[in-house]
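The structure follows.
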Amino acid sequence: MTSVSLKNVSKSYGTVEVLRNIDLEIEQGELIVFVGPSGCGKSTLLRMIAGLETITGGDLTIDDIRMNDTPPAQRGIAMVFQTYALYPHMTVRDNMAFGMKIAKKPKAEIDAAVANAARILQLEPYLDRLPKALSGGQRQRVAIGRAIVRDPKVFLFDEPLSNLDAALRVATRIEIAQLKESMPESTMIYVTHDQVEAMTLASRIVVLHGGDIEQVGAPLELYERPANTFVAQFIGSPAMNLLNASVVKTGASTTVRLDHGGEVTVPIASRAEDAGAKVRLGVRPEDLTLAPPEGSFLKADVEIIEALGETTVIYFKPVDTGTDPLIAKLPGIHKVAKGAGLSLAAAPEKLHLFGEDGLSYLYRD
Amino acid sequence: MEQLLGALASMAAGVGACVLYFWGGNAVLDLIFPARGPDIGPNIRRANMVRPWLFLGPALVLLTVYLIYPVFNSLVLSFYGPSAETYVGFSNYTWLLADPGFHESMRNNLLWLIVVPAAATFFGLIAATLTDNIGWGNIAKSLIFMPMAISFVGASVIWKFVYDIRSEDVDQIGLLNAIVVALGGEPQAWIALPFWNNFFLMIILIWIQTGFAMVILSAALRGIPEETVEAAVLDGANPFQIFLKIKVPQIWGTIAVVWTTITILVLKVFDIVLAMTNGQWGSQVLANYMFDWMFRGLDFGRSATIALVIMVMVVPIMIWNIREARKDA
Amino acid sequence: MDGIAGRKPMLLWVVHLSVLALVVLWTIPTFGLLVSSFRDGDQLSVSGWWTALTSTERNIVFRAPAADAQVEEGGQWVIAGNVFEDSQPGRITAFGVSSREPAAYTPGTPVELKDGASLSLSETGDFRISSPEKMTDKRGTRIFFTSIDPPRFTLENYRKVLFSEGIGKSFINTMTVTIPATVIPILIAAYAAYALSWMAFPGRSLLVAVVVGLLVVPLQMSLIPLLRLYTDVGIGKSYVGIWLAHTGFGLPLAIYLLRNYIKGLPKEIIESARVDGASDFAIFVKIVLPLSFPALASFAIFQFLWVWNDLLVATVFLGNNEEQLVMTGRLRELLGSRGGNWEILTASAFVSIAVPLLVFFTLQRYLVRGLLAGSVK
């Protein structure tokens, strides 16, 4: 059953368009993550679903009811803010009860809801404290508790972990994942700029860039089959290497010749008219391997070595003139000298192929 | 006592009326444009268009009646005679330009405008810098700040006592004359010394305003990034150089704000002159001169004209303030 | 900065001394007033307040009763009494019976008067004129004496100003003006400030600019137009009139201060309340008002001090009668009519500044915060 649906939704401030023609169907029980670089419109989109920003074009429906003009409180949503947004003059209990009190719910019902949320989030000892007497992690749990008490159809999370330190962020991330599991019927929409959060939490990820949706898909789908060079480079760290090449042979698999390297055959279909076309060959740093010169398709000079123990990241001088350095991430410890020329290879099925327009050959019909 | 109870009752009534207005107005608005039903979207939009004006209403009415309307009304009155009934054209203005009392007031006001803001800011800056460096600085600050709470009239009494004069053959009970006599001088009637008495009146305002300047400048000084001072220390600057070349340049903006705030106050200064000399012995200022024409001269036209002069002097600061505020917003 | 090595302790001493000098300069006028208000009126008028703890010397002439006050005691005709009858008692160091030698004798020494009479005067002022014959002079003997007065402190000045100089009544009048004139503008300004910070409507930034502009409009502008308006409307010189006037004059600062504060509240808190279903009215009452307490307190203190200390508005909009004269007005009147009576003036002045000083010292924190919010960009 569709929980939240966006049809042709757009947003502009005056003449500036910040979101264009967003189409998205979110099923009940999903945990959808909006991810993208800052300024991509992901927070604006979330706030439009919440009703904190007006929708300037298109339709938003929640449980098949059009919600464009409904005030936030009547949309059946709850929101967890990055800065927690706890009411500083109210105790934890009053913070969680505020919404139900505004709605004039009976006291017994409010108490039960608050007690339930406090139990789930282990906040019982802190119910009578003011927010300033809590740690950052506890405050974030209160903010989540406040959302649970509202018993919403859709939970909205706006970068809820950004204000926590690294260790707490991991712990809270796991708590959110467990919370989702304990509430399989709830729909959650989660905004983050952190791809690790996106990969670990999401049932589906929506990658946004410059006001457009670049790709929607399950985390590993985005990793393995990125739709375009933007998604390819945004998901995964370090980012995917892109090498200039041209098609030399088309068919069920495609052979390309690197502008500065050898030939390689990729098991991705291409059309006859692609012959001679400029393309970009994508290969993730972790998919590159050291190979004997004859088995390799690429030669590069080592510039910087980062030995991390479990992996070694090697930065090479750019292969194509004027582009980013080529990066390889090799498991284990590799003793290589700076300036050494290394031969590199990768398994053909790990390679990606993008046209000049940046779109993946995989998704061409 | 009865009167005080009456005051409390009217306070309660006033607050009650406000609450009733805001709460009731809001309730009526919700009734006219209910946030439910088929028209929910348009209704909410309409209510949201009306509600700000509901909240702003009383404030706008009061501001208009008490501050905006009077400016225009004064402008009109300045073209009318004493009881505001006969149109006299520019004669109030021509009178003003030729009037020796006005010349004296203008001269004195300019003196006040130069001396008081400069002295108060200067002493405030000194006090702020010095007290920030010592353990009992906060107590010192509090004591220097204290005159701020004292009324201009109260301050006038305090200082009139300091300036008091007795005949030469008896002990002086005014502190200033006692010091002068102890140093071998002759006692003086300080507030009756033509020209110089202006400065003795200014001292009172400087005494009151230094604390204000100190508090604001002290906050600004503390806001200076510690690193810039430490860098200067490493560069070998001595405390005076640090103060003049590192700290002061970083708080110019605040100094300007303090200066203009005191300037505005000086333009309106009235109580001190009224209580100390009532403009005698060449100590008249515009605000008191205006008051004089209003209550003793009973000439609304001339009085309004003098008020307009004060207003015109404030306008540059007003424009500057508005521009600063718009920059922030 | 405390940890920097090699600082000169000399310089620190200079700082300490300079601050001390500043503090003394700034507090001594008020201190003098305070000390003087507790001194005896006679002493206050002849010696500086800084001598309040030392004794003062007085030269007084006392005229003993004439002959008809004499009584017969064991064959002697006697006139007795005390020279301090009509002045404050003191200790006598010297006395005389002629204006040429007013300090010829020490107390206890018997002095021969004419006609065989003799005078004795004790240190405490008891005198005794005795004569073997019945005395006949119609005018009493003049006794010149020098007396050393111990310092005297008294609450008499305060009793006098509070109950017979009208300061007590004026105190109540001032309260009557101040309390409503402080409370009423707060609520009105807070609503306006909320609308100007968190509600969207056309013309908002223009209104903010207008408020900033009105901050500096001199009060003098408003006096005549409002006086005429009040007469036309029929408010005249009344408390209602001055409450409204102070409300109107205080609003620009109130709105400006509160808006600066309310605008600075975290946006998410307001939004969160909106998601929780609170209307603008509920957000204002349940979230914004409680959180704005520091700003409200700052403004309340400002307005309180301003109204309490105001002379101009009270003079213009209130009458000069017993029922309406406020303390500043009364003080100004006393300064004119009782210019020389420093015991009255100092005590009156201290009564009028006591409440603001109390407010100042207890709530200084909020006052400073308000000043900073109102001035520093």
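A, B and C are the chain letters, set down in written order, and residue numbers restart from 1 in every chain.
As a convention for this text, a residue touches a chain if its C-beta (ideal position, glycine included) is under 8 Å from a C-beta of that chain, and two chains touch if they have at least 3 such contacts.
Bear in mind the structure is a predicted one, so any value in this text is a computation, not a measurement.
Undergrad: Could you tell me which two chains share the largest number of C-beta contact pairs?
TA: Top of the contact-pair ranking: B-C.
Undergrad: So which chain ends up in the middle if you average the CA atoms?
TA: Chain B is the most central one.
Undergrad: Measuring between mean CA coordinates, which chain is farthest from subunit A?
TA: With centres defined by C-alpha atoms, farthest from subunit A sits C.
Undergrad: Counting in whole Å, what is the centre-to-centre distance of subunit A and subunit B, each centre being its mean C-alpha position?
TA: Centres of subunit A and subunit B (C-alpha means) sit 57 Å apart.
Undergrad: When the C-alpha atoms of subunit B and subunit C are each averaged to a single point, how far apart are the two points in Å?
TA: Averaging C-alpha atoms per chain gives centres 21 Å apart.
Undergrad: Return the distance between the CA-based centres of subunit A and subunit C, expressed in whole Å.
TA: 69
Undergrad: Among all residues of subunit B, which ones touch two or more of the remaining chains?
TA: In subunit B, nothing touches at least two other chains.
Undergrad: Can you list the subunit A residues in contact with two or more other chains?
TA: 71, 74
Undergrad: Report the residues of subunit A in contact with subunit B in the complex, numbered from low to high.
TA: Going through subunit A, the ones touching subunit B are 68-71, 74.
Undergrad: Which residues of subunit A touch subunit C once you look at their complex with the stated criterion?
TA: Subunit A reaches subunit C through residues 50-52, 71-74, 77-79, 81-89, 98-99, 102-103, 146, 150.
Undergrad: Using the touch definition from the top, list the residues of subunit B that touch subunit C in their complex.
TA: It is residues 1, 3-4, 6-8, 10-11, 14-15, 18-19, 22-23, 26, 30, 48-49, 51-53, 55-56, 58-60, 62-63, 65-71, 73-74, 77, 84, 123, 126-127, 130-131, 133-134, 136-137, 140, 142-154, 156-162, 164, 170-175, 178, 207, 210-212, 215-216, 219-220, 226, 229-230, 233, 239, 253-254, 257-258, 261, 264, 267-268, 270-271, 274-275, 287, 290-291, 294, 300, 303-304, 306-308, 310-311, 314, 317-318, 321-322, 324-326, 328-329 of subunit B that touch subunit C.
Undergrad: Hey, which residues of subunit C end up touching subunit B in the complex?
TA: Residues 1, 4, 11-12, 15-16, 18-19, 22-23, 26-30, 32-33, 36, 44-50, 172-173, 175-177, 179-180, 183-184, 187-189, 191-192, 194-196, 199-201, 204-205, 207-226, 228-229, 239-240, 243-245, 247-249, 251-252, 255, 279-281, 284, 305, 308-312, 316, 323, 328, 331-332, 335, 342, 345-346, 348-349, 352-353, 356-357, 359-361, 364, 368, 371-372, 375-377 of subunit C touch subunit B in their complex.
Undergrad: Over in the complex, which subunit B residues touch subunit A? Could you list them?
TA: 35, 40-42, 44-45
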